[in-house]
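Only one structure is covered here, and it is reproduced in the block below.
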Amino acid sequence: MNQMILLYNDPIEEGYVILITGLLIVFGGLILLTIFFKYALPVMLDAYIALKQIGVKKEKELEISKPKVDKREFTGEVTAAISVAIHMYLKKQHDEENAVLTIKQARKLYSPWSSKIYGTQGNRL
Amino acid sequence: MNQMILLYNDPIEEGYVILITGLLIVFGGLILLTIFFKYALPVMLDAYIALKQIGVKKEKELEISKPKVDKREFTGEVTAAISVAIHMYLKKQHDEENAVLTIKQARKLYSPWSSKIYGTQGNRL
Amino acid sequence: MNQMILLYNDPIEEGYVILITGLLIVFGGLILLTIFFKYALPVMLDAYIALKQIGVKKEKELEISKPKVDKREFTGEVTAAISVAIHMYLKKQHDEENAVLTIKQARKLYSPWSSKIYGTQGNRL
Amino acid sequence: MKKIILIFGVLSLLIFARPILGLNSNALNDKTTTTLLQTHEEPEETFISEALGGIEQFYEYTGFANAQAGHIIMIIIGIIFIYLGIKFDYEPLLLIPIGTGVILGNIPFVAGNQTGIYEAGSVMNYLYFGVVKGIYPPLIFLGIGAMTDFSSLIANPKLMLLGAASQIGVFGTFLGALYLGFALPEAGAIGIIGGADGPTAIFLSSKLANGINILADGTTVKNLIGPIAIAAYSYMALVPVIQPPIMRLLTNKKERLIRMKPPRAVSKKEKMIFPVAALLLTTFISPSALPLLGMLFFGNLLKESGRTERLAETARTKLIDIVTILLGVTVGASTQADIFITKDSMLIFGLGAISFVIATMGGLLFAKFMNLFLKGDDKLNPLIGAAGVSAVPDSARVVHAEGLKADPRNYLLMHAMAPNVAGVIGSAIAAGIILSFLG
Amino acid sequence: MKKIILIFGVLSLLIFARPILGLNSNALNDKTTTTLLQTHEEPEETFISEALGGIEQFYEYTGFANAQAGHIIMIIIGIIFIYLGIKFDYEPLLLIPIGTGVILGNIPFVAGNQTGIYEAGSVMNYLYFGVVKGIYPPLIFLGIGAMTDFSSLIANPKLMLLGAASQIGVFGTFLGALYLGFALPEAGAIGIIGGADGPTAIFLSSKLANGINILADGTTVKNLIGPIAIAAYSYMALVPVIQPPIMRLLTNKKERLIRMKPPRAVSKKEKMIFPVAALLLTTFISPSALPLLGMLFFGNLLKESGRTERLAETARTKLIDIVTILLGVTVGASTQADIFITKDSMLIFGLGAISFVIATMGGLLFAKFMNLFLKGDDKLNPLIGAAGVSAVPDSARVVHAEGLKADPRNYLLMHAMAPNVAGVIGSAIAAGIILSFLG
Amino acid sequence: MKKIILIFGVLSLLIFARPILGLNSNALNDKTTTTLLQTHEEPEETFISEALGGIEQFYEYTGFANAQAGHIIMIIIGIIFIYLGIKFDYEPLLLIPIGTGVILGNIPFVAGNQTGIYEAGSVMNYLYFGVVKGIYPPLIFLGIGAMTDFSSLIANPKLMLLGAASQIGVFGTFLGALYLGFALPEAGAIGIIGGADGPTAIFLSSKLANGINILADGTTVKNLIGPIAIAAYSYMALVPVIQPPIMRLLTNKKERLIRMKPPRAVSKKEKMIFPVAALLLTTFISPSALPLLGMLFFGNLLKESGRTERLAETARTKLIDIVTILLGVTVGASTQADIFITKDSMLIFGLGAISFVIATMGGLLFAKFMNLFLKGDDKLNPLIGAAGVSAVPDSARVVHAEGLKADPRNYLLMHAMAPNVAGVIGSAIAAGIILSFLG
């Protein structure tokens, strides 16, 4: 693909073209993705469920109730709660990490690379 | 080993030869294996134990009682019981798998590839 | 670096030179390491702590007390106790290993390489 | 509804932008020349027109500009693989990586940029090396050995013959491929699909039908690794669909009700000796199968020795996982449309389906044949013969499920495992034989 | 005090032994010839003098004899990297391996003994292969995909645009590098530092600025993999230092207080479809980014399929760990002083710093721009725009921390993850674009 | 009894079928020509006779037809290795893979089919690459570093000298090999067996005695990787057999009763600084040992940094396991009878045994020598000198066990670890020195 370089004699000029082109393409690409997930996917999922309802009336009770629960159970409020929990978790983490390390090191004292020690670790893991 | 191909001018003819030869060899090989495990191995194991009994009279009590228990304890009935257990295990498995996944996903929410998060997972595993 | 070989016409003679040279260098190198860890490192660590005390008076309480505890808590007596524990651990190990294996084998009976079984193990690990 | 129109509008804009921009993927080379001339002729063009030129130029390199029917078909096939794996749990550890690989291999690209799996220097090409050189399959077999319990085979060695009988599928398909006009080595590689063993199929085809070897008549052998691997794994995944009707066709209710006596217990020593003895006997018979059988029994020895549990654990978890990921995605990507969509591939798929049927029948009928010589509670339930095709352990499960349909208390799983693993050994021996004759 | 003198004495003895032994590392070749002549002229010399000769001769090969200022400087830099990683927890999984690698690469040695990373046949050279050929980065991306949850992006796809806006850092730096006189491919590789994504930077520089490609004017492109990788990883580690001032500069208190509504819940099906759809759309747009984006979404599919947890687990733990170790140590070792300490490296470090600033500003300002069109609780907290640079998840954490400073109950982490991962996708697309234009 | 006859009958049938079929493995080429002629001369022969011809032809390629005394001997040796590993727990993680490899390497095969480890293109050959190029040993050292605790060495640095003293085994054996007529680089590689460190032995022999390098007199150096590796690992496994008599011979009861004071506690900071400082000092002294020492201390830094536990865990578990499997099986397989069973191999085994004895004595006597200068509770128990040979941690355990025999409450394990790990460092430095002189 080296021919592309030949198009412009001045690298700076080509640089500007690549800058503009590149940004447009990146934006274009991610806008495409945005549109797909914002509009296309929900439609497709609805269509899929609709198709299923028509085709497979028999297993209705089980199949349909399940995804609905999935959607409702995990709403924004839960998300917020988890967000807080994660925040706290990330804060605390450091102390715990150190504690774990200490215990681990104590257990591992003097356990270099013998095959027998290999075996020991193998059992523990 | 390309010379083998030259033996027959007609590929189809050679094909038949390979078909017959191949099947005979596969059967021959697996029959050999069958004979070994059905007849040779028990004899060899008996011989080994006999040799041991002659050579090392001292550690008799411990050594000999052990393999015998091994053989008796795990008989056909136990095997059948395990078979049933496995069958039930394989059936149940699916539900458990989903449960495990849900818990895991909740724990892992928003934990992409930071080194700090690496560390977190490292501790958990 | 092949030129080195040319230095001496007699391999045996060169052998003696390499023997003496090699031993001197190995000893020299490890003596250097000994000196560093026996004398240089403690000095450097003291200097580091001293520098820290001058520079960062503010966090004095937390920072300084910590390493001292680290040093005192884990003294020779504790080490000796651990040494005994390891000794006993290494002795016992064998029986435990067998027990673990038996349980593992029972669990794993008839679980060859299907993807579904892969999945099963994945959950357990 | 409005939304659907919006989306279809955007997508069609991209795909049909070709005529609008005055481009045509087939006329790519011409066009570039033209563009080149234009820019030289019009040095005063504005900056915006240059940027548009850049986009136009870039557009030629996008998948939208280069997509052909073949790419789209293959991508849909890839998506179907993934769907089957997720929805029906058909060998997902294979179908999902392979399906993704099929998509990756068929993203339309302009050659020369080290993107495609067949371009030297591309990342996919480096990872594909393990397939082309047959390195991944023995590593998979190492892990398989480390996770397989051969107890049921040791307890009842005569079931080994059911694994041998199923190899009629391999040799029968080989003959069929010869009749369809494939060269001898190509036919050998195609035949192994009947072994119902993915790694063995990849190993043998990488040695025989790799697009490198020269035939006796001076022509180069075809590269059939992709179609053979895809066929082998597809049908393995479809074992629960293919086998049951054949099983019902060839057995009557009475046969399906036969209860086999529980296998005898197997001692630890026997389990330790098995891999060593089996390694020696099988590789003495078929030395060309050494990489497969050697690694299989090496893995099993690691498992059974009782001293190397650590290594066995790694072999059957992380090592096999890594190789499975790389193998799956590169085998999938090797189905690049221009190389994959050929008459040969179609023939191979047809032959593959037949080979599974023959292999299943071979095992079943041989079990019935053996019953002629066996008495009392030594009689075999002929269903377990079907497990001789390999496809471990799906095939044994199918047998188990069929047995349960006839008698809900007849647990055939353990019995079926014996021919199941024997089928793997048999297929590897068969691969070695074919390699010796045609390699 | 006595001890210090003792130690300094020993060390200076070693380093200043050069003049004492009558040697000079620069005059190495001359000296060897002399030694050679001497031994031939004096065959009667005693054994002890020969042994001394041996030590003298060996001394020439030690690091003490060959150390130059560059080596010492680089070793100190390596130690600083390790110190920063341990002391301040700045990306220790990267800085510690890279720092150790910097030390390893700058141990002074005499060429010809297969020791250095640039010597064919050396172990380091074999391990470096995965960097030079761009093999490690896609494997890292595979693991990243298997550990990334794209939920927040799926829930709020418009945040994808913030990841796009940050790419101004890439293209702006590219232009800057051109102005500083770098050739087009070199400038492209330097620009990608602004993507704040180590693997992408290594991948692109291994393709464009690898010391192998030939430019249009017949000169060979420079090998800038080392400096670019080091710059990318250094600044990624310094994100908590670089970003906060810019964030405070470009936002007012009111903006920083904006609370965003919690993202909607995302169904399992959406999460499964995301990797496949995103894979298709992004690689159709930028096929040259296939190795990166293909592996990223492949890993994510393994994670989300619900059937391949085993493979995903391996990809995101042991596989990525192994590759991280090898990548880190070899990238570090590639900074061998004589190749690394150049004006180009200094320029690259300067451009890298600027690129991070531009990228952060781009994301922030675009978030403010988007707010012009959004109403009510749809408004964005512009801080999250800064997370568009990638540097996952450090950048999102910095945003979270800044948000907490303004309002201790405003948890921005989940919102910031969306532009954060979008930045990765955006940078990979940008890398593909640059590769298409300049590859 | 009947059974035994049956089995022996079958096996002898196979092995003695040679004369029956009118074949002789030595006359293989002649025979094939004859077969070829026959088939052309008798085109009317029946189908069954053709099939028999096929079997006859195939038989020539089986192990039964090609087995020679060497193969059988080596296979028995392989089985003995496995037996020793399982029965006596002698380094099973090494002996079982190596033993299996010995079997795999000595399955008789006809060359030309990409089966053997020395045939280009075979799977074993690709896996052997990591041995030939010395890539596996540094990766093993990385894992070793990540599992080694250097505390006892840091607490008592003077014990480092015991590790140095043991290197007399390396240089003494080197001299012995010269006297036996080996060329300088070959002797260097043989000497390193005395280092009692498998990976170091493989690394050095892959650089010096690899069958590729050209000597000063124009001849090619011998490929001694196989025998050296096997000797090193065999004697390492036999440390519990070799060392105790020497220890009892050179120490009296009083010396064996010496109780050493418990080592001082070592701070976290010291443990972090150790790998970096040791890396710099040792590689400055012996830059050619960089791949080994660099990776050893890199692994240790990953362990001790407290920030990279994740990477250290992978390095010391899955990574080292994978490399151990591949290294063991390929080193074993490299003992292909026709290459391995030579007078050189016998000499190497003899020299290897002597080297272990010298090294053990060196360490012990130097400990007694050091005691002349030490007073009170600083005195060393000379037994710990024996641990200086490396063979970590078996050698330290042997010391511990001997100490317990003299005084059931004298726990020497921790004290013995210091010379034990120092022995590893010393051997790696020695390897670097030899490489610098002879590389």
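Note that the chains take the letters A, B, C, D, E and F in the order they are written out, and that residue 1 is the start of every chain.
We take it that a contact is a pair of C-beta atoms (placed from the backbone, for glycine too) under 8 Å apart; a residue touches a chain by one contact, two chains touch by 3 or more.
Small disclaimer: the values here were computed from a predicted structure and weren't measured.
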*Tally the contacting C-beta pairs at the A-D interface and at the B-D interface, and name the larger one.*
B-D
_Longest centre-to-centre distance from chain A, chain (CA-based)_ = F
_Based on mean C-alpha positions, I'd like to know which chain lies farthest from chain B._
E
_Given that chain D and chain F are copies and touch, would you call their interface same or different according to whether over half of its residue numbers are shared?_
different
*Round to the nearest whole Å and give the separation of the Cα centres of chain B and chain F.*
29
*In whole angstrom, how far does the Cα centroid of chain A sit from the Cα centroid of chain E?*
22
*asked:* Residues touching two or more other chains, restricted to chain A: which are they?
replied: 1, 4, 6, 16, 18, 21, 25, 32, 35-36, 86, 109-110, 115-116, 118-119, 121, 123, 125
*Listing for chain F: what residues touch at least two other chains?*
54, 58, 61, 89, 92-93, 110, 113, 285-286, 306-310, 313, 317-318, 321, 397, 413-414, 433, 436-437, 439
_Residue numbers on chain B that touch chain D, as the complex places them_ = 1-2, 4-6, 11-12, 14-16, 18-19, 21-23, 25-38, 41, 44-45, 67, 70-80, 83-84, 86-87, 90
*Which residues of chain F touch chain E in their complex?*
133-135, 138, 142, 207, 272, 276, 279-280, 283-288, 290-291, 294, 297-298, 301-302, 305-308, 310-311, 313-315, 318-319, 433, 435-437, 439
_Going by the contact rule set out above, which residues of chain D touch chain E in the complex?_
54, 58, 61-64, 66-67, 75, 79, 82, 85-86, 89, 92-93, 96-97, 100, 103-104, 107-110, 113-115, 121-124, 126-127, 317-318, 321-322, 324-325, 329
*Inside the complex, what are the residues of chain F that reach chain B?*
3-4, 6-7, 10, 14, 32, 35-36, 39, 47, 50-51, 53-55, 57-58, 61, 110, 112-113, 307-310, 313
*asked:* Looking at the complex, which residues from chain A come into contact with chain D?
replied: 1, 3-4, 6-8, 13, 16-18, 20-21, 24-25, 32, 35-36, 39-40, 42-43, 115, 118-119, 121-123, 125
